[in-house]
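Both of the next two complexes hold chain A, though its partner changes from chain B to chain C.
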Partner chain A sequence: MAQPFPYTYYACDCYDSNGTSSTKRASQLLREAEEDERTFDPRSPRANYSLYPLEHLLYCEDCQQVRCPRCIIEETLNWYCPSCLFEVPSSVVKSDGNRCTRSCFSCPLCTSPMQTFSLDTTGESAPPFILECQYCRWSTLEIGIEFEKGQGIAAQLARLGNGGKHIPTNKERDKERERRKEIEGRKARDVLSPSTESTNTDADRDDEPPSHDDLFSNLTAFYKSQVDAQTPSNPFSSHDINFSSPSAYSRIMNLYSTTGSKKNKRSKPSAMREAASSLEGLTLHDPANEAAAIERIKKEGWGVTLSPAQKHAQINPNVRFVDQLRPLATLLCTKRSKRCRSCRQILTKPESKMTSTRYKIKLLALNHIPRLSIRALNATPPIPVASRPADSFDYNALKPGMPSHFLLHLSNPLFDPIKVTLATPSTTPGRVQSRVTILCPQFDVGANTDIWDDALSSSLSPMRRGSQLPDQAPQIEAGKIWDRGRNWTSVAVEIVPGFTDAVGSDGQNELEEDEDVLEIPIFVRIEYETDAGADERGLGDSRGSKGEQEKREEAFWTVVGVGRIKG
Partner chain B sequence: MSRPVAKKAAAKGEYIETDSGNKVSRRSAITGTANITLGGRTVIMADVVLRGDLHSTRPTASSSGKEGTPTSISIGKCTVVSTGTVLKPPCRMSRGAPNFYPMKIGDNVFIGPNCVISAIAISSHVHIGANVTIHPFAVIKENVKILPNTVVPSAMVIAPGSVVGGRPARIVGEVGEGWGVSGGGAGGGLGVGGGGEEKWVEGGDLRELVRSIR
Partner chain C sequence: MSTSGERKVSASLGRSVRGAAPRLADLASTPEAPRTPTLGRSVSSLFGSPGGSFRTDDDYVVIEVGARFVRAGFPGESTPRCTLAFDPDNQRRVGDYRQWDPECAQKRSNPNKGQDWGQEFELYRMDLSRVDLGVVEDKFERVMRDVYNKYFVLDTKPRRILLALPPKMPHPLMSTLLDVLFGGVQAPSITLMSSPVLSTVAAGLRSALVVDIGWAETLVTAVCEYREVHEQRTVRAGKLLSEEMAKVLNAALDEHVGYQEGDDISFEEAEEVLSRVGWCKSKPRSNRRTLYFPARTSPILEEFEDAVETPEPTMTIPLPKASPPSEITVPFATLAKPADNALFATETALNEFDDHELPLHHLIYRALLFLPMDVRRLCMSRIVITGGVSALPGLKSRILAELEALVQAKGWDPVRNYGTASARHEQILRQQRDARELRRQEGDDTITEPLDPDSPLPAGLRGHEEDSIDAKLAHVALRNGPPPASLAGGIVRGVETLGPWAGASLVAQQRIRGIVEIDRERYLQHGLQGASKEKEVSVVPQRQSMGPGVVRGAGERASWTLGVWA
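Here is the complex of A and B:
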């Protein structure tokens, strides 16, 4: 998701740890030491997977580390349909799959939700019904499907093929398969004793190639029979253990018998064979199908074919033409709780009720690491209002070579004052090299105390001096902060955007996509002293008791997207 | 609950502020004010069109006996409707006559500039970007972010916590757990807060934003 400029991404620590390998060679250690020296490159392919906006990051209080979506484990709490917002029990998910079994469908052409309409013109809702997409006006009429009832569309659709044909149920399929197997068997016998009777009685039903669903059910039935043949008496299958039967008794005794007898018992399993005919689920290639498809495209053009995305969304992978489309049942969503991958502590746990959007547990990085943001110095405070004067800063057109000043704003969510050290490479990585100078890389940020503490303290606390100097706007000075408030400090940054055309001309190759985006990697290191036992007692009474102080330190890379250079 | 017509005699400014803190631009085009309720501290910016006149024409079942004025648009607390946005209650033909349904918008909803909204319900803590079109009878649940230039098709239900975008809108992601949480009451919303004045984030409490608009 591209964010509008300016933005800040936080790099999770997991970006360069290649798994927790136990054996480290000396060369590896050496390389790691080198990596420590190296600065974070937001353009490296790996960085893609570690940069997140602050809202997406969690914080494990046990590990005292930021956790990104890559270093957490998710556990599904429940399943629900995003369209009708009904919770689906996990047993139903197991049996019926991950799609809504009610009446939620999306359009196979444009993915927008479909609605049920009555074709009755009298104004009453009477049959027949259709599903129609209100966005692109595709309807099930185009594939020749009408419904008798307005409810339970999924069940009705499962029985209706395109063009109103009847789709056999699983039971009917089983019966049909048995019937065909019988015919095959008879045919095989007939070859030995040729006779003309009973060969063409079923010809009318055999002419059509089996559908994808038929083949699938044939294949599952075949595999099941193979597995059953392989393990005739599974000692571990609990459902057929009957302690009164002698066979079960001998089986149990076998389990506890010596290895020697086991060896005798266990014969080498014969290899399972694969499906050999379409009755066993083998898909036979039919060149006539291909020829017909080519012929059809010749006649009707590309318009009747599907786009890859549309084809991919269909359940049947062999769908090629628009008249083979089926409405797509809505995919289910999940509510998930998240755990730290290393210590298994729960980081977030939403309330399992569908209607609730609250969380029981939510440990956010927002509340533990400072929020970093940047904006142009002369820009007006960003209120997204169209009536703002036009002098607001255009982040999408930074002028190359022109030094411009930005404000880096750091706000502290912790209840203790922090010492901050910022570091950045003097030129940004990548081919378009911009020069960056943080004018005051070391400063303090006040604690996130209650707003009223600040207001009630009668004397001018040194904390607020900066913002209360009334005389003139602060000056940009190296080594001095720009402004500060209760729990925030801002410092000035001087940026000289690099030249984009220089790269384009001498490098012979054009600028790649987003290479003109000015992104600055900034290393943030914070130090603070906190009550050692505060975490155990909860944050509420951390200030009341005087425990021993503990020094803590946190360091992480951030990437600040300043804007786009336009030369 | 107060209606925007309840004006307070104030100095001529961009906004008329009501007793409950609603700020309604003098340059907005509001029709059928009797059918619109604003929850308080809600901002209606310039060139916003609120079609309060499009209320349900169907005679309501007189179960309550006395019939009040029908509501066509109700907006919750601390909601911001940006410039050039049109709010029009959704309409459905029934028995040959158009029938309008009341539109409900929750608290702390931000609606970006130049949107056309016909949703039947928008829940709280929703952020809608610029130039978004929401077709009739769409339902938008809590904590949803709609990216700019999205077209939400009619009757689409957007589940809580989704990010949607595209034409037609589809779910492109989830908002993070930190959605709407401004870090410990800290300044610096939207990743751009400069002087510490901006104490609001997308999907969070918009009270500070409302306060800053004048």
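Here is the complex of A and C:
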């Protein structure tokens, strides 16, 4: 795993509870019932989707359950560009899309941010301007684009095609289409009396195939005209009567006007037809394009082509060569509040200010779920990597077959003492089977009281930490905890890492990725008594009156990554 | 308004109670004499109550789900907002950032043993016996969350979904996908459209033969008037192609110096090579000898093109993930071999293929052969080739050329082999063709004027009489009817399409409602079992549903169907 050892993942069990049972077959349900009794397998393909580091989890106080990213609903509060920190109003997001409309672009080759530079040699910032990537030095010069102004690059780029050509706007496209249609119509009328004039209009027609956008807008216009021709101006013939739209009103108003009834006497509409020309979006297959592409690949080689990742990042993914690339406008980021999926309570809500990273509401699992961690017994407590002594325990080289001791450390964020029960399968699932024994699976953890309470109480009763008297090294004993503090307890675990070469017996010699990682699923169950309604924070829970003690319990699977077996 | 409105309501109620249900036609034809449209008033007073609109403002999002990619965007846009692939990197645990680790970027990721080629790169496969639907759900859910939170960044307003799916999907798989869309993204309703039909729409056609060369299989669908009428499949598609490419590259690696045993090309590398420099010979070669060339087109031209270039062009492919990082140089022609082997199987005789692994051109030919003659006429000149592999340069031309050759050689004869009579059959065919050719040649110089006025030409040799009325009608048809270009048929012709996603975007933009429309509440109640058994549901609403006692709005239907997916 990419996380440094040792680590702990928490499993959110939402995946088998939120499915709609109606669609599940009986066999599936049966399998699920079995699964309830089975231990959690960190190697199952589904585990990747239910395991989270504790920091990524939220906690719904109403449901008293952990909430992972898939059992929450997110609501966007505001939009902003991560590179210019400009807040984008929602109306602009709707109309202009999810990308920054100012001058923020990232490189289409290496995705690092691009900067605007002036090509002017006099040192002043004067036109022409270009965008250049600071990392790989790709610039818009390579696709033949220069800008006249240094601001509002996005708007300029929308009008500039690669090679400095002009990209028509939708309106211009419509106009151009009308013009050409007229020419064609004239030609069609001239069919019986062919004239020489029609040939030269052919000549000024595009010598290159229409672009993806051109075709799409042609098709759109074609279908619109066809659908309009199909829909009579009568309000009741169309099946969706929608009184909220102005067009419906106009149709109703048409009824009352005298012209409306005359229109309907038109002969029956002709059937919707197919597109007939490229102005209507029809493109016939042209082998010449493909042949040209092959020639180009043959001549210019690997370097002119694009990798799949570069292609998919493009707005139009149907590109093949480097000179078809476009700079990528930065995707907008959002600030989102999160709600519990089942009770709709807000779990987090960030401050709406762009530069603020604070939250108005933040219900983290960190504050409600005990934190479980593991470390080698003889290792010093986790300290920064840089200062770690050289002889410290190497988690990346566990010796197979050598029993070694680890400490499970459980710290309690709650204000009530908890009773903890740990359970783990005696051998880890998977092909590399390691034996695991938790020496003291049941123990108590103190409340997360004020830090001074701890100091005071420990001074009053120093004997509480029985096992850690200075002159007596703690013993590893079954049924006894290793050590405890104010709100934490640690217990010893004995682990015998399995043999990785034993895997070869079933014919498949090689280990799969991460199969040599020793991960232990541990089931944690905690029980505690708390003031009912104490942490409801006056939300009006009528069940428990003040002062009444309520018993609560929580249970979840965790996965502890101990290290990598080597040997 | 109130009293009169009331009266009108009761009047209309009375009418429907009496059983004289007014037909839609009554509504459609506006009477000659101007009078108050009674029903109009009553309808508005009926439904004018809260909200007024019983179809909530239809905001759609358009999603296309394929085996390896999800495309999603908004209607009216020419390209999707995002095209997301399923790859192992985005299927890792949260907090596992190893893909950004520079060390890991240098390493080749070995596929897990026991998995098929590229299995971890796909969302689903049609054979559900080896698919864990739970994993499919997890993968799809994560991707959809990404789509909505990263690329759509919408407000919370629920939006309908137009979902483009391949036709014929296993129901458990469909309900898994729908579960995610209804549960995870809370769509109020989902319209399903089959991707061949959408490809047809995106090509500007109504009928087409859609050849979707996808990941696991190639699907040939004949679409006639926006309906799937016939379907054929083969496994010769992207997966086989990339496997072949890996074989070619491995063979090249073997000869490379510094090659270590077992250091094979990974899936990503094969994919990248294929999509960057893979190509396909656009001229069929294998059946050159059997191909019949009409006298006018000389085969010399093609022979010339096949001449070996000197020096042989090569391609240098960098392999930065090999250990040690290296470059291999392969002849350019070998990069066209995978397509030849995987898609056309030029080396194998036709009788050795199983039904599920026909080469593409034979598959298309067979699909056309199955069609009725009139549909075939439409479909053969509207061959739409789409799908991820179709971007391979030269492939479309090759398919069309191969098909053309097949049609020329065999005609539309369902008999594949005449046995001992085959020689005779060939002869008949050749004679027919020669006769046609001859006729066409003579067509240019027909005798219009009888040379000898005394002995008129026999009627059989005379040209048609020119009827002035016919000419006029033709002229009128030309002006008012569809342009002749849209009626083309009978020749093998390829038409380009913008792809299913663009088609879905067009459909959603025109607010065309699909046959298969699944309502959230109904789906959550009954699942896919709630669909009625009929394949077709009338899109034109029944008059009865407009009655006063009906709670449902006109936008909803009494029952829903699964259409082609049923």
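Worth a mention:
Just so it is clear, the second predicted complex is superposed on the first by the 461 of 567 C-alpha atoms of A that agree within 3 Å, B and C clash if a C-alpha of one lies under 4 Å from a C-alpha of the other, contacts with A are read in each partner's own complex, and residues count from 1 in each chain.
The definition used in the following text is that a contact is a pair of C-beta atoms (placed from the backbone, for glycine too) under 8 Å apart; a residue touches a chain by one contact, two chains touch by 3 or more.
Every value quoted in this text rests on a predicted model; they were computed, and no experiment measured them.
Of the two partner chains placed by the overlay, only chain B lies in contact with A:Ile374; chain C stays clear of it. In the superposed model, A:Tyr359 makes contact with chain B only, not with chain C. Contact with chain C, but none with chain B, is seen for A:Asn98 once the two complexes are overlaid on the shared chain.
When chain A is checked against chain B and against chain C, the one touching more of its residues turns out to be C.
By the touch criterion defined above, A:Gly485 reaches chain B but does not reach chain C. By the document's definition of touching, of the two partners only chain C reaches A:Leu219; chain B does not. In the superposed model, A:Pro53 makes contact with both chain B and chain C. Shared-chain residue A:Cys110: touches chain B; no touch with chain C. Contacts of A:Met402 after superposition on the shared chain: neither chain B nor chain C is touched.
Looking at chain A, you'll find residues 1, 3, 52-53, 55-56 touch chain B in one structure and chain C in the other. Within the complex formed with chain A, the chain B residues making contact are 45-46, 82-84, 94-96, 112-114, 130, 135, 141-143, 147, 151, 153-163, 168-173, 175-179, 181, 183-188, 190-198, 201, 209, 212-213. Those residues of chain A that touch chain B in the complex are listed here as 1, 3, 6-8, 52-58, 80, 82-85, 110-113, 115, 123, 133-136, 333, 338, 348, 357, 359, 362, 364-367, 370-371, 373-375, 379, 381-387, 407, 409, 411-414, 448, 451, 467, 483, 485, 487-488, 490. The part of chain A that touches chain C in the complex is made up of residues 1-3, 9, 15, 18-20, 22-23, 25, 28, 45-53, 55-56, 69-70, 73-76, 79, 90, 93, 97-98, 188-189, 191-192, 212-213, 215-217, 219-220, 222-224, 227, 232, 234-237, 239-245, 252, 255-256, 258, 260-261, 264, 270, 272-277, 280-285, 287, 290-291, 293-294, 297-298, 301-302, 305-308, 311-312, 315-318, 320, 331-332, 334, 336, 508, 510, 512-513.
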